[in-house]
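Both complexes below contain chain A, partnered by chain B and then by chain C.
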Partner chain A sequence: MNRTPIIQRFCVALLGCVLLSTASLGQNAKPAAYAIKGGKVFTLAGAPIENGTVVIRDGKIAAVGANIEIPAGAQVIDATGLEVYPGMFDAATQIGLGEISQVSATLDVTELGNYNPELVAATAVNPASAYIPVTRASGITEVIAAPGTAGFDAQGGGLITGQASAFNLAGWTMEDMQLNRSVAMVINWPSIQTRTFDFATFSIKEKAYSDAKKEYDKSVNELSDWLNRARHYAQAKEKGSPALYERDLKLESLVPVVQGKLPVLVIADDERDIRNAVEFCTKQNLKMILGSGAEAWKVKDLLKEKKIPIILGPTERIPDKEDTPYDKPMTQPSELFAAGIPFAFSSFGTSFSRRLPQYAGASVAYGLPHDEALKAVMLNAAQIFGLGDQLGTLEAGKLGNVIVTNGDPLEIQTQVKYLFIKGQLTSLANRHSDFYEQYRKRPKPTQ
Partner chain B sequence: MKRVLLIAIVFIFAGMGAWPASAQNPSTIFIQNATIFTVTQGNIEHGGILIRDGKIAAVGKDLKAPDGVAVIDATGQYVIPGIIDCHSHIAVDGSVNEGGPAVSSMANIADVLNPEDISIYDDLAGGVTSANILHGSANPIGGQTIVIKLRWGKPASALPFEGALPGIKFALGENPKRSGFTPPPGIPPRYPATRLGVEEVIRQAFIEATEYKKQWDDYNARRAAGEQGLVAPRRNEQLQPLVEVMEGKRYVHSHCYRADEILMLMRVAKEFGFKVRTFQHVLEGYKIADEIAASGAGGSTFSDWWGYKVEAYDAIPYNAALMTERGVVVSINSDDAQEARQLNQEAAKSMKYGGMTANDALKMITINPAIQLGIDKRVGSIEVGKDADLVIYNHDPLSVYAVAQQTLIDGQVYFDRQKDLAGRAALEKEKQDLLAKEKKAAEEKKDEDKKAGDKAGAKPDAKKKPDPKKKPPQDANGSASAVAGGAL
Partner chain C sequence: MKLRAGTCRSPRFTRRRFWWAAIASSVALVAVGVTFTARGEGGEPRYFAITHARVVPVAGPPIENGTVVVAKGLIQAVGASVTIPPEAWVIDGKGLTVYPGLIDAGTTVGISDDGTDGKGKPAGVVLGPEGRPGTSPWRVVADEIKTDDKRIETWRSAGFTTTLTVPEGGILPGQAAVLNLAGDRAGDYVVRVYASVPISFKPVGGFFGFPDSLMGTIAYVRQVYDDTAWYSQAEPAYESNPAKYERPSYDRTEVVMSEAEKRSEIVMLPANNSQQLLRALKLANEWKIRAVLYGGQQAYEVADALASAKMPVLVNLKWPERGKDADPEGEQTLRELRFRDRAPGTPAALVKAGVKFGFYSGGLSGPKDIMKSAKKAIDAGLSPDAALRAFTADSADILGLGDRMGSIVPGKIANLVVTDGDIFNEKTKVKHVFVDGRWFEIHEEETPPDKGGDKKPGDEEAVKAGRYAGVEGVGR
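Here is the complex of A and B:
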């Protein structure tokens, strides 16, 4: 724990971003190359390199090391006294799909109906959303937007809610930004809920267990049914002529799922729900990633046995149940690590995506090794979603998503000084820093 | 029946989550070899704190433990004043919103304190020792509020902060105009529905309160002058708290977001001769920080919440730092049981956003909220004579790596992390025993029913029998905090 002396830095908060351009979507025409020089480089693929250099060229990391030649014409970034890391990856958000959670006109998170496998998050991610520059200013360079998920800014809903999309947090269009339009099919696992909160009447509604169970069984049967139909559809398509079947977008979207090519991100929290979801996915032969997973600590053996990774929800939350130890959400990551279960941190939010490093830091306070926490915000999500060859470490050939900080990136007070996305130096200015600059200059009112 | 039993079990556990600080706590405690952040009198390395009869008796570098006193060895640890949360909804039984009338000043949170709310323990474990428990924000003039100490394990009557002035919640903007609320079918929308109406409701209420006050003042004056046979004015529970506001006996804590509505309330307050004690949330406070400072009101805000509604779209994490720069007394509050237990982290964000000093950041969760609640003579800093409300961390409290180890209130240890950890196995065993007992009872009942059924000659319906192997139903969501969440 002594590894992090607190530096009481009163940084010139925005100097970095003011010096950089504030092109509307953050990026200028790209210079041929950059060289980040003189910092301590945490590659996450080996020991940290003191006084290292990271060369970025044509959008990718070209070289990393202690004695790297700086290419002619490269823009040199002096990182003396600073630290260099891969950018952070928030693996479950609603970024771009929702602007103001109380104004439905600004929301594209939750579609009507329970089964919408054909919907793709990338379709409606707004590249001009204010959340994009705000979030990247905290060092998050790429995110996954997952339709239908619930969090601080979204109520969520539906069962098969659509395809999650991974994208970089800078770009003029989604075509610029996207990493993979379809990284997973999102399923909100049905829960046997006898008590639900009804927002319409702002009260708790109770129902008999037998009724709740009936509803649950119905949902699971429907889920099975959709997957079985997708299998038949795939067979018909493979063997039959197009005249024998009608094109069905929903079934077509589920084909890669039943073929095990597209993972399912199954959102579940309660022990019973997680067990049921694992049993279901095993039976259906699906490639499961557990999402949220508040009680994954009760199911470690099963998750380990089935090799199911977890995209964890916020660690800073009150336990769902009163008899759960008060610190369980914070200690769970260290338990999962000890059990050998891969996981990544995520916010399941939009406005709180910038708290991603805080969620990781809090788990370090409660026992997770610091380097594992770094991996769980930088590398693990990339690996879990099949983007490990492009992202997550500072190695030649990977995408130039790099952050330069003035200290431990998981610590509250640390500032991101430079940020690169797809190998381009990207503005840290955002809606919040703009207001700050504007209003701190307000003259004293004359009274 | 099963449900009732389960709920009973949950309650038993809620009560056992901690050790009620009891009379066994020694009256004199010495905390030794700590890094002490006094907040008002600098930092002390390797310092000691002597606690006697619930108060801080001595603080300093060269203190030695008196013979025979209980010693807490805080070598390598950090002590700060207990955290004060200026905006909380914990320890409330049921909803925090009396949303019926636009002026619900007759409702009082003090009447519905719930000492068994597990959030009290959760927040204690995050270093919170006092909290301002507020009514919700459904009304331009909301219910009465109360400051409590988080004396977990004590009855409701022991929660209130002795001598702290009571408050009243006002609310401006989207919540009182019910923007995010659709009335259930058959219920007409409630006035007001605009910020114009919000002002009108507040002004009208104070016009009536002024009249009411005048009736009582006249009555009291005539009575004092010896006049006989007078009939006292009819007591009005709705207006009485507003009279107390005008008399300076009750603080106004006003929920607000936009700069314009904050200026509006300042004008109304001036018109009726009262002060707004704190602007709560005050997310656009940075736009009019000079005006807030000049009014003498405090600002109690979030660290970095934003965007969840239109009036929060201009919220910036620099708000606390900017208001502080312009002379406003600023606190960082939680409005949420989880956020409360990480207020130390939230305060530290102003060092990142706006370059606040570490001590100024700490002030925002200790002495500043104490000033805002008028309890700064008692708490908010580590000074001789003040209440021994303290938190001991294993790390710099402004770091994400800090974990509260012990929390003291009135010199008594109300939270001890080591004890919590040590007690978990016993709690789990007790829970399993209770579940086994209940399962057994259910099976016995089943057998009895079967016998009775056989006697009556009825064929038992196997399908309808509960399967004893199945786990009992578990509840999820719908917790009290979800209700409080509506108070943003």
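Here is the complex of A and C:
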């Protein structure tokens, strides 16, 4: 028999309503002080602390340790039997840019034209996207939205697709959420494609290599032209003749790229494409981050030599090529780690961003050390994109993006019990849990 | 290798005059046209005796120092001691070898170079089988012969006297004809008008029409056979008692297909890889058709199944290979590499299993490549005898013409090729060709100086040749 007092039940229901109504945005209170007490704390900046405490105040981590005094007025979270980690970071997504792939009005992933360096993902991200709370529920506290990358929606997204933005997965406006509106310029590396899909006959057409090569060379020359023009533009601006030189948003956006201040996230998978991209970026003096990199394992020496980090695509997939070993997507991370190449996992998606921990988990099963896998979903992306001073470890002074779980966060059965973003306890309710609740209420058939 | 020009001999056109024409190389082609008019003026010899030659009759062991007598289009006599009739034009065959004329059992030679004659695309968007997409079985190649197709001479001069000329364009593009590659008028070429009904499983619907998938295409052909079976019963039932039944509606496809079935005309089913071959065996059984499979390049994997089904195969000699302008670093899968490596071993595997097969040029650009491909099959274990049979007697048998061509036996059509050596030797030259008893002396022509080194006028036509690719699903 349920003997819970009516009033208590009412309160629970009310709380449920509050959670539901704020589900998408997650936060509705001012930051407060919290003390997460009694859990095993994985700081990622040293050995795990048994029975540790994490104090969060004013949006930031105030203290981490075994014997920390709990400040007065702090809300205490009992984490006994639980584990505390930095929140996870999905380093390449389209979260907020695309909602329903069949409804084009909800898609803002790509733009027409081949060169759109002036586009900034942050300006298009929808803070009320249903994917945000869904993603958050699996322990992901911040993501990068990269325009025009991967996925069916991205077809025809051009070569320079825009600037990727990093943001927290909670907030009412982009200004609330934003970590850095421009973390990288995204370049879809042109590939020499001899096999093209012909929609007229709905079949694959073979194209002559020489023709495909010509198209490729043309694209690379164009890329090169854009960068050269940006250099010239920067020079003209520096010499201070705005009257003589009209403002050009595209070139202006490329200036930090040619100056090596803004990295380029170059999406490439095939060995040749990666080699060509690295050669190009070296020649152009660009700060390159490799995106996707399905065949990075074939060019480890080059990537190591040029110190190019990788934002890896999903590990739980079949290889792109017929003769690639079936487990290569899952074994590649351990190979890259052994070679000393920094990398972070990412989903390159929206709805499956929530699978990020499993992408890392699968690679642990295929040889990647567990602590490295944790870093590759929590810390590495922050370091690669220049956010390492704010995110990625549980250290005093960093942003209060913290998760509390009932086990290994890379295990699919593990649940995230508490989640903090910018130091605020944030709702874990989401579209999935809403449906769960909704259909649980359905009357059972009478027998 | 230089272009070989063939010229039909006639007394009016003397040897000296011929050479004069041949030296003025480009005029040689015109000369063919001139001599073809000769028959109408009378005097073309119809009786020949090739003497002192090595004769490979295919139907029996080779005859050293033999004689072949040709009379009025047919082989009259063959043997070591044959009486030469006084009316015969004697050709000294010393040092030469006489073979039956070769058969190319799948090409578009003799019709427009893509085989479609501008047909094959469904008019407008077809939404279902009732729209009969890509279906024109009433198209008869025998009515579309283009005697000015320059490939006719190219093929003939290399010893190919006969083709199965197949229409293309659509699922049921029309009816193929067996042609002999010489004649004054188009009608002279035709050996069999209704030689076969070729089927393609290539979807014709495009993105928006029916059928746009393999599944839909096969379902459609099944529907055509069901409809035809119905019509074959409904039509006589109605005729026998028009008062009892409603009149069956007229559908040209059903009428033509039921007529073809009554003739038990060969149906050519596409099947190149092992899955397609096994599928075709099932379909042939299901549709109760007299089937011949074309493609057959991966038959090395399923030769036994083909043998136990007694299924003849026309093997596409355009062996799978890397594209000429392929990406040098492009992915080459083990599957592709294995197929490329093993495909030329198919004929040997078919011989071993006891499958009857013929050869066809498929997408090959000309006779030179056909013979090169055959040589590859020989290098992969096929005996030269079996290779020759595949080009002659076995192809003739498969096409149901074994009683009139494919070997050097009295009474058969005088289709002969006379060479100066083994026919599969690359250096061997064709000296004479007989088509329906018409004599073509083959001369190597000097490369015209203005055309430059590698480019040969005939090859430009040849490149367009054999677009009857039959290469559906090579590989995967």
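As a working rule, the second predicted complex is superposed on the first by the 406 of 447 C-alpha atoms of A that agree within 3 Å, B and C clash if a C-alpha of one lies under 4 Å from a C-alpha of the other, contacts with A are read in each partner's own complex, and residues count from 1 in each chain.
As a convention for this text, a residue touches a chain if its C-beta (ideal position, glycine included) is under 8 Å from a C-beta of that chain, and two chains touch if they have at least 3 such contacts.
What you see is a predicted model; the values in this text were computed from it and never measured.
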item	value
Touching partner for A:72 - first (chain B), second (chain C), both, neither	neither
Touched chain A residues, chain B compared with chain C	B
First (chain B), second (chain C), both or neither touched by A:322	both
First (chain B), second (chain C), both or neither touched by A:192	both
Touching partner for A:272 - first (chain B), second (chain C), both, neither	both
Touched partner set for A:410, first chain B, second chain C, both or neither	first
Which superposed partner A:47 touches (first chain B, second chain C, both, neither)	neither
First, second, both or neither for A:112, with chain B first and chain C second	neither
Which superposed partner A:209 touches (first chain B, second chain C, both, neither)	both
Contacts of A:351 with chain B and chain C, given as first, second, both or neither	first
Intersection of chain A interface sets (partners chain B, chain C)	192, 194, 200-202, 209, 212, 272, 321-323
In the complex with chain B, residue positions of chain A that touch it	1, 4, 6, 8-13, 99-103, 130-131, 152-153, 191-197, 200-202, 204-205, 209, 212, 269-270, 272, 316-318, 320-323, 325-327, 350-351, 354-355, 358, 361-362, 364-366, 410-415, 431-433, 435-436, 439-440, 442, 444-445, 447
Touching residues on chain C, where the partner in the complex is chain A	203, 206-207, 212, 323, 325-331, 333-335
Touching residues on chain B, where the partner in the complex is chain A	10, 13-14, 17, 95, 97, 118-119, 121-122, 125, 174, 179-182, 184, 286-287, 290-291, 294, 304-310, 312-314, 316-318, 322, 325, 337-338, 342, 345, 348-349, 351-358, 394-396, 398-403, 420, 424, 427, 431, 471, 473-479, 481-483, 486
Touching residues (chain side chain A, partner chain C) in the complex	192, 194, 199-202, 206, 208-212, 271-272, 321-323
